[in-house]
């Protein structure tokens, strides 16, 4: 069981203490060229979460390798590097350049970038090309905006991914109270936070059942209880995103809350909870539809 | 930067604004112009607020209720609890010779604490109405102008200007006083460099206001 | 501007007064054969909405035409019939059988059924087949679980749909507090209610821009303010789903609230609000990224 | 069925349960065994509750705080407001000759109002503990049994049984008294036939409990 940050939701160099409270630090997605990101405003709050259209602001792989990565390597926390591109070759190149860097524990393939087709074929293609370019463990980060996420996960598995990170944000829109124009300069943006939780949980559940791959679960986790549900759905590790903005102490808090939840469940250690949501219920009476329906 | 769960110790009306007092909870008040992220009850994200006053054992914030989050903060009652994070960002440089504080509207918020730190220098404050101008009582030695008069008309020459206020005011002050220190605003989700949401164009590049600012030299942001 | 119920969220025959408070009543999806629906439990509450796995319980088209439709025709409210199938031919047959029924004002094609591929090709195929089978106005009901909903909408438009209904629910999961097993017997279910609102609003915004088709907007509408945002995003009509469960008086309430919102906006009549979110901002200063960023 | 925004007029502890009084708000109390949908503050969906008592000008509900919604209802204070919808569903047939009320746990909730309507007939109530059994004081002429004794051991022959309680109890009563009227439960989103969420198997088919029930003849649901 590891607690990570979600990519793009923590800068380990400006907040090293928070990064060290995690089991591993995941970088913001690095692209081949530097990107300034989208014009502001690029965040907005909604009732049960937030929207962002940061637009993958990052220094680009060259500067990342020369300036950022050496400093991340000195933090004393495992480093996962998230990479993103606009064509399959971009992913291959990025993985190739990270392959011999000892600071990198895992490469996360952000295949849910704008301008990257999100259909099973191209996810398989990207993972395959990345797989050929590096021996580092590969985690593939999936978008929930697809008719059958298990199919995408299976394509990633077939192409050689070692694990799955899920989910990325899903497109949402917020309008300004006075003008009724979009709050974000780009119009729509990625929805994250509590509103995303049931969607993310369903995605983890489906992909665990379909692939059995190790999963880093994320999407609206704010408490140990939420983390427990992701573990039960099939994610042995979880990542914290939006909650870090309101509570940078969340990694430590959630670790304690999770331990308490598991104590209360009385199932022994956390490993016994992984995938528990998939377990067949104990007795025959519980699978009779009548008994399930008329519960009192 | 630290985070604490603190108790509301008082909430007082200052014209249309609310002065919210909370227990200090072991937090450092920081440098004037720095800010805190205040949990806004019922909202997913916290709200950035400049420190307004640092009475012994307390921190106080002057809040304009303009939306859901600030309304929730202004509705807090003594005894309620909230989480606060700070101090954050870069405050005003205090090594100035002839300080003059300039504030507009809710932009007066950081000036009371700044005034204390600088030995109560003169100030020029602009407001939309007499009602709003009640907030001037929090700032010692202040001259008040009311719209349609603007603060820029009342800034005497030869001072080191430290300003906070709405963007058009800051832009006008920057033109008049290229050496001024200005406190800017941007939408912020985290306040500590994690989200990249608070991007502003500085020296021709998009940078994080919560990391580089919120107080910046006038020449950094081209109006 | 019309206020409708969302398909599956009202039974006009058990609640005729509520049905009459709408501008049109939309039936639960009718399928070729009768369906009992999924085993209970088939609803569960989540923090900001609910999940359902009703499973298209309906009497089937034969009994619908002989028993239900005549009674709906007598209610004195416009009737839209939602149809769903498991193959393109099902939709053609269903539309063909509804074509000569005077009680039917509009046919809504629920192309977001389980077991119906949700890719642009097949939505175009379904709409094309339905179009050939009936002269009734056709609205196509879209799922938000797709990488590019505007593409799906364009396929529907090309195939002859007269309008779009959006969005349907998106898959979500809830786990029982004690057992950590799924609350629903089917595992996952469709997420509806407030959590869906930003996603639905983004979908309406994108499809209005891409197609200009009339849209019935839905997804988490609970107030006149919410309805106003859907209108501004491009939906001249809105449908109420989950809110009807907690407040069956919502149609009348929201109509009043919407009128008040429009009065406060000071833009004249509601027609002036349709698509307002797409309007270019008035002055050049508002498109400079700097001004947008440093707003105070 | 009508909907009203009503004020909480009282909230009283009855053993582990809460008896919530609200203003009647022009609503008809309906027939015993019918239920109301109560807005659960902060939750997306309302919660079904049997009417427990109908004092003049009021409606009262006996609530077991087992989850988020019932906890929110039990935390309501006099003066708070909530929306309620009802009466809903089908209650008990009251044209019975020798009524005997049978309740288990929170299943006693509809019995006080039912008892008044039938002229205080005898009742048999089963509870998990002495503490829970405090709720028996709401039902006149009641014999109380505590686990491990079950109500079925205390039902005298030759009565028309009207029962409400947990499913295993209802199943046992149905076997003992095939002519009994039983009040069932199912998860409900709407309570008035709109959502098809409350499906139960009746006469071999899935039907809506809120439309066909919640009170049903024992033979309708095959245990």
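Each chain carries a letter (A, B, C and D) given by its place in the written order, and its residues are counted from 1.
Keep this in mind: a contact is a pair of C-beta atoms (placed from the backbone, for glycine too) under 8 Å apart; a residue touches a chain by one contact, two chains touch by 3 or more.
Source: prediction; values computed, not measured.
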Exercise. Using the touch definition from the top, list the chains contacting both chain B and chain C.
Key: A
Quiz item: How many links in the shortest chain of touching chains run from chain A to chain C?
Solution: 1
Quiz item: If every chain is reduced to the average of its C-alpha atoms, which one ends up farthest from chain A?
Solution: D
Quiz item: Distance-wise, how many Å sit between the C-alpha centres of chain A and chain D, to the nearest whole number?
Solution: 45
Quiz item: In whole angstrom, how far does the Cα centroid of chain A sit from the Cα centroid of chain B?
Solution: 35
Practice problem: Please compute the C-alpha centroid of chain B, do the same for chain D, then give the distance between them in whole Å. | Solution: 56
Self-check item: Contacts with 2+ other chains: residues of chain A
Solution: 40-41, 46-49, 194, 289, 293, 295
Self-check item: Junction residues of chain B, two or more chains touched
Solution: 186-187, 199-200
Quiz item: Which residues, counting only chain C, touch chain D once they are in their complex?
Solution: 8-11, 14-15, 18, 28, 36-37, 40-50, 52, 54, 57, 177, 193-194, 242, 244-249
Quiz prompt | Residues of chain C defined as touching chain A within the complex | solution = 39-41, 46-49, 51, 117-119, 143-147, 170-175, 179-182, 185, 187-188, 191, 194-199, 201-203, 205-206, 228-229, 232-233, 265, 273, 276-277, 279, 281, 289, 292-293, 295
Exercise. Spell out the residues on chain B that touch chain A in their complex, using ranges where they run on.
Key: 3, 37, 39, 43-46, 67, 69, 83, 85, 186-190, 192-200, 205-206, 211
